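What follows is subunit A paired twice: with subunit B in the first complex and subunit C in the second.
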Partner chain A sequence: MKKLPLSQMPALYAAMAQGGALYLPVDNAAGDAQFTRWQEGMELSRALNTVRSAKDFFFPQTENLVSFRMQGKTIEIIDPRTEGEDFVLFGVRACDARSFTILDKVFLADPVDSYYKSRREHGTVVTLACTRPEETCFCQSFGIDPADPEGDAACWLTEDALYITARTAKGEALLARLDGLLEDADPAPVEAQKAQTAAILAKLPLAQFTTRSFGGDVLMKAFDSPKWASLSEACLGCGTCTFVCPTCQCYDIRDFDTGHGIQRYRCWDSCMYSDFTKMAHGNPRTSQLERFRQRFMHKLVYFPANNDGEYGCVGCGRCLAKCPISMNIVKVAKALEGDVHE
Partner chain B sequence: MQSQLIERAKALLADGTVDRVLGWKAGEFAYDMTPALFSSAQELDEGFAYDAFCGANLSKYLVKESRKGGRVLAFLKPCDTYSMNQLLKEHRILRENVYLIGVPCQGKTDVETLRALGITSITAARQEGEDLVVETLYGQRRIPLAEAMAERCKACKGKKHMIYDERIGEEGELENPDRFGQVAALEAMSSEERFAFWRGELSRCIRCNACRNVCPACTCEQCVFDNPASGVDNKAAATSFEENMFHIIRAFHVAGRCTDCGECSRVCPQRIPLHLLNRKFIKDINTFYGEYQAGEEAEGRTPLTAYTEGDVEPSVVYTKGGND
Partner chain C sequence: MNEETLIPKLGVVTDIRIDTPDVKTFRVVGLDGKKVFEHIPGQCAMLSIPGVGEAMFSITSSPTNREFMEFSIKKCGCLTDWLHAMDVGQQITIRGPYGNGFPVETDLKGKDLLFIAGGIGLAPLRSVINYVRDNRANYGSIQIIYGSRSKEDLVDYQEILQEWMTDEGVEVNLTIDREQEGWDGHVGFVPNFVKELNPDLKKTVLMCGPPIMIKFTLAGLKELGFSETQVYTTMELRMKCGVGKCGRCNIGSKYVCKDGPVFRFDQLDELPNEY
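== the complex of A and B ==
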């Protein structure tokens, strides 16, 4: 365990930004935390979490995959990628840190997504322990400890110091770069903070919430539940839940005709959208009920069935806070629990 | 008030006036009401809620609900009745299949508004006289309800319902708030400043389409931006400027029809003040065509759909816009 006094934070940021980029949560014009490329004078947001999750850095909302240029009867294939820059993501919370593990299972499984993989390799994730979880938090339901987050390196902010420890080789390398700033630390204040946060976690309204009844074994019971009708009836079919979600990973690949060639791009998709998985024959899910059901079946049933019981949710609470009609995975899981238990 | 609404809904279900009830359903916390249908007295008792957090405008749901057979009871706050009228004017709701009860409203708050006031981690909330008392994980907060109100409620058009079959509570009064102060401030900026303001605000857009999908004026069965066959479908924009233009185009599309219900800004996860675009159009229509409030009536012509000899010419619009 190492530490540095809070007065040295600007120097720490400068050191982290050296040789690449540093992104950290900074308050935007609306007063909300947003991962922002660090520049001199920027301060870490005091908000618990960012509106957009940290997945954007590995799985951006849009990216060009390849372009094709027509010249006479020949087609030139152009890979738009350039060598990516190394970057540090600082201030990632435990929930978002776990989301990378989930995204890895999708994008790093065979066939490996080389676009995603390259960004993962260039990024170093520095997490920050939570001290003031909110009522919408339920990461502990997924075995995540927000007071002791994963990541390449983990940090704890106390009243007078930042404590930091490396957890991976990448984290060790980062700490080696910061060595001049850091001093050896007694971990006692960190242990005290963990105990204090644990006491708050036990009192959270969703502390007892669990998705353990769900998984591949209850596939048809969950799918056939009559409750989907009422759960989905007010859904606006917008993409808010999917776009603020750190684990939603569905995308669309389309071709844009530039007039003299084709730009093939990938962009986030939302199962809530009417043209989600639309194919030549039409759309396999023609009602909002089916689209709504897809999102929760994916997170609670299909994903764990295919990934050793890991759910497609980290309990960050963003969908609870942001859904325009306040419908979310907690309400859905609680409503379906009786049906899958039968 | 909540129990009064429940009792009336039960009576109308029991005597067969309506087959189901559209209202707000209590959630996990004190503030997360979901629009919901209730079809029995038991369902109403179990979940129906009406309080300071029931901000969602239910009128747009009636486009579909009025076509599902039977008759649906909908509770509408004063501002929701403007949307209702506008939807009727556009022949989007089958009037005979809905039964409307106007409910009083003292202004609504929501969790985002409270968050902006520094109140987070809410575990309970209740009204005590003129105050909102909020229990949080980190202690109690007390705030005058007037301060906790959503921005749109601070510019409330009034407590008078524009349409209803019956009303609960006394008839309210129209109010004349200053709705255009922020628009005037934007107009006073140089075009470069204004451009920078909107580029900055709209840069946060994640294109979730919540603003469009909640908007009672956006009732196209399929939006051109969602239609792969339209040639302008827009799941991803080519540039950030194209992305910004989505909001400007949408504001043009709802101009003259937007009642200023404020749902767009309420639902925006990035808190972009989208209502200011709409208010600019409302202000311009007032300037060029005379005072007009969309949704005041369910019938009749509107400034942008009617021709009169007194209509301003494009050149007049240009000069009245301050470009002389």
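== the complex of A and C ==
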């Protein structure tokens, strides 16, 4: 365990940004915390979490996959990528850090998505322990300890110092670069903070929430539940849940004619949208009920079935806070619990 | 597999055959004149015209064809309209092969095979039919039941007449939906025709066609005494990536692009009916 006094934070940021970029949660003019490229004078947001998740850095909302030049009957294929920049992602919460390992299971599975893989290789994730988990938080339901986050390196902020420890080789390399700023530390204040946070976690309203009943052979039982109709009734199909979700990874591929060539780009998509599955011969999911069901079945049943029981949710609580009709995965899981256990 | 799976290769269209009023068969090779890749019967490829769109099509030629690949494509949307309007010599992009394909080297080996197709549903089965014909010793009898709206709508009609029907040990039963001048063959829908023909229960069935045909034919086969474990089909869903990541063709815990498109009906029973 190492530490540095809080007065040295600007120097720490400058050192982390050396040779690449540093992104950290900063409050914007509207008061929303968003990951922002660090510049001299910027301060870390005090908010518990960013409005948008940190998945953007590895799976951006839009990116060019390939370019084409068309001339007569001929086509030229161009790989538009240039060598990526090394970057440090600082202040990632434990929930978002876990979301990266979930995204890895999709994008790094054979055949590897080289766009995602390259960003993962260039990025170093520095997490920050939570001290004030909120009532929308339920990361502990998925075995995540917000007071002791994963990542390449983990940090704890106390009243007078930042404590930091490396968890991977990448984290070690980062700490080596920061060595001049850091001093050896007694981990006692960190342990004290963990105990304090644990006491808050135990009292959270969702502390007892669990998705365990969705493990095992419940696919058709959950799918056939009569509750989907009432649960999805008010869903607007706006896709906000998908866009703020750190683990949602469905995407679209489209072409854009720039006037001097074609850009084929990938962008986030949502299974909540009516044309997601629409094709020439029809649409297998014509109602919002079916689309709503797909999203939650994927997170609670389909994804775990393919990934050793790991759910497609990290309990960050963003969808609880942002859904315009106050529907969310917690309500869905609780409503279905009885049906999958019959 | 190639790490750059989302970056396509170039192909060139060397022949365009008009099959029916709305189906054309396109012959495709790489720029070097050779096949762009090898495939298993039933696998698919992503074809695209940049700026127009990219979509998944079954590879209708057999892998035993060493020279080129063929795609039988029905005109029914933006991309397929464009493909139907293009001329020989046009370059297209191609990536694949995707999907599992039919188990021609395992479960189907040594079996008596019954192919049932409706309309453009013959396209994916043609790959298997010609593969089996070219490896005749490895399979039992072959029966093909194929129906379309009219005589003009029968895909691969010349090949059926000149090659399949003249092949010894291949039984071909054609039907069209309504009476038509110049047609003295069977008239009626595929599900009823299958029941009339009363195929031997030992046969393994490979079926593809419009959803309504599949539904009633499967019911008819079960009435005759066939088990769902004997019947294979190949599915069609919206796809973007082709490698089980974009989420579009997800049904239950399966991705049709990589776990399918070929499924046995007993396997489909375990999945939500969202196709």
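We adopt the following convention: the second predicted complex is superposed on the first by the 333 of 342 C-alpha atoms of A that agree within 3 Å, B and C clash if a C-alpha of one lies under 4 Å from a C-alpha of the other, contacts with A are read in each partner's own complex, and residues count from 1 in each chain.
Here, a residue touches a chain if its C-beta (ideal position, glycine included) is under 8 Å from a C-beta of that chain, and two chains touch if they have at least 3 such contacts.
Fair warning: this is a prediction, and the values are worked out from it, not measured in the lab.
By the touch criterion defined above, A:H298 lies against subunit C but remains apart from subunit B after alignment on the C-alpha atoms of chain A.
Judged by the touch definition given at the top, the superposed model places A:D269 against both subunit B and subunit C.
By the touch criterion stated above, A:K331 is placed in contact with subunit B alone, subunit C being left untouched. In the superposed pair of complexes, A:T62 makes contact with subunit B only, with no contact to subunit C.
Contacts of A:E40 after superposition on the shared chain: neither subunit B nor subunit C is touched. Looking at the shared chain after the overlay, A:K278 reaches both subunit B and subunit C.
Of the two partner chains, subunit B is the only one that A:A234 touches; subunit C does not reach it.
By the touch criterion stated above, A:D252 is placed in contact with subunit B and with subunit C alike. In the superposed pair of complexes, A:P205 makes contact with subunit B only, with no contact to subunit C. Counting contacts by the rule stated earlier, residues 252, 269, 278 of subunit A appear in both its interface with subunit B and its interface with subunit C. Across the complex, subunit B is touched by residues 28-32, 34, 48, 51-52, 61-62, 132-135, 200, 203-206, 230, 233-234, 236-240, 242-244, 252, 254, 256, 265, 267, 269-270, 273-275, 278, 320-322, 324-327, 330-331 of subunit A. Touching subunit A in their complex are the following residues of subunit B: 27-29, 31-37, 56, 61, 111, 116, 120-123, 136-138, 200-201, 204, 206-210, 212-214, 222, 226-228, 233, 235-238, 266-267, 269-272.
Looking at the complex, you find that subunit C touches subunit A at residues 1-10, 50-54, 76-77, 80, 87, 89-93, 210, 236-238, 240-241, 243-248, 250-253, 270, 272, 274-275.
Residues 65-66, 68, 70, 73-75, 77, 79, 106-107, 109-115, 219-220, 223, 249-253, 255, 257, 262, 264, 266, 269, 271, 276-281, 284-285, 290, 294, 297-298, 301-302, 305-306 of subunit A are the ones that touch subunit C when the two sit in their complex.
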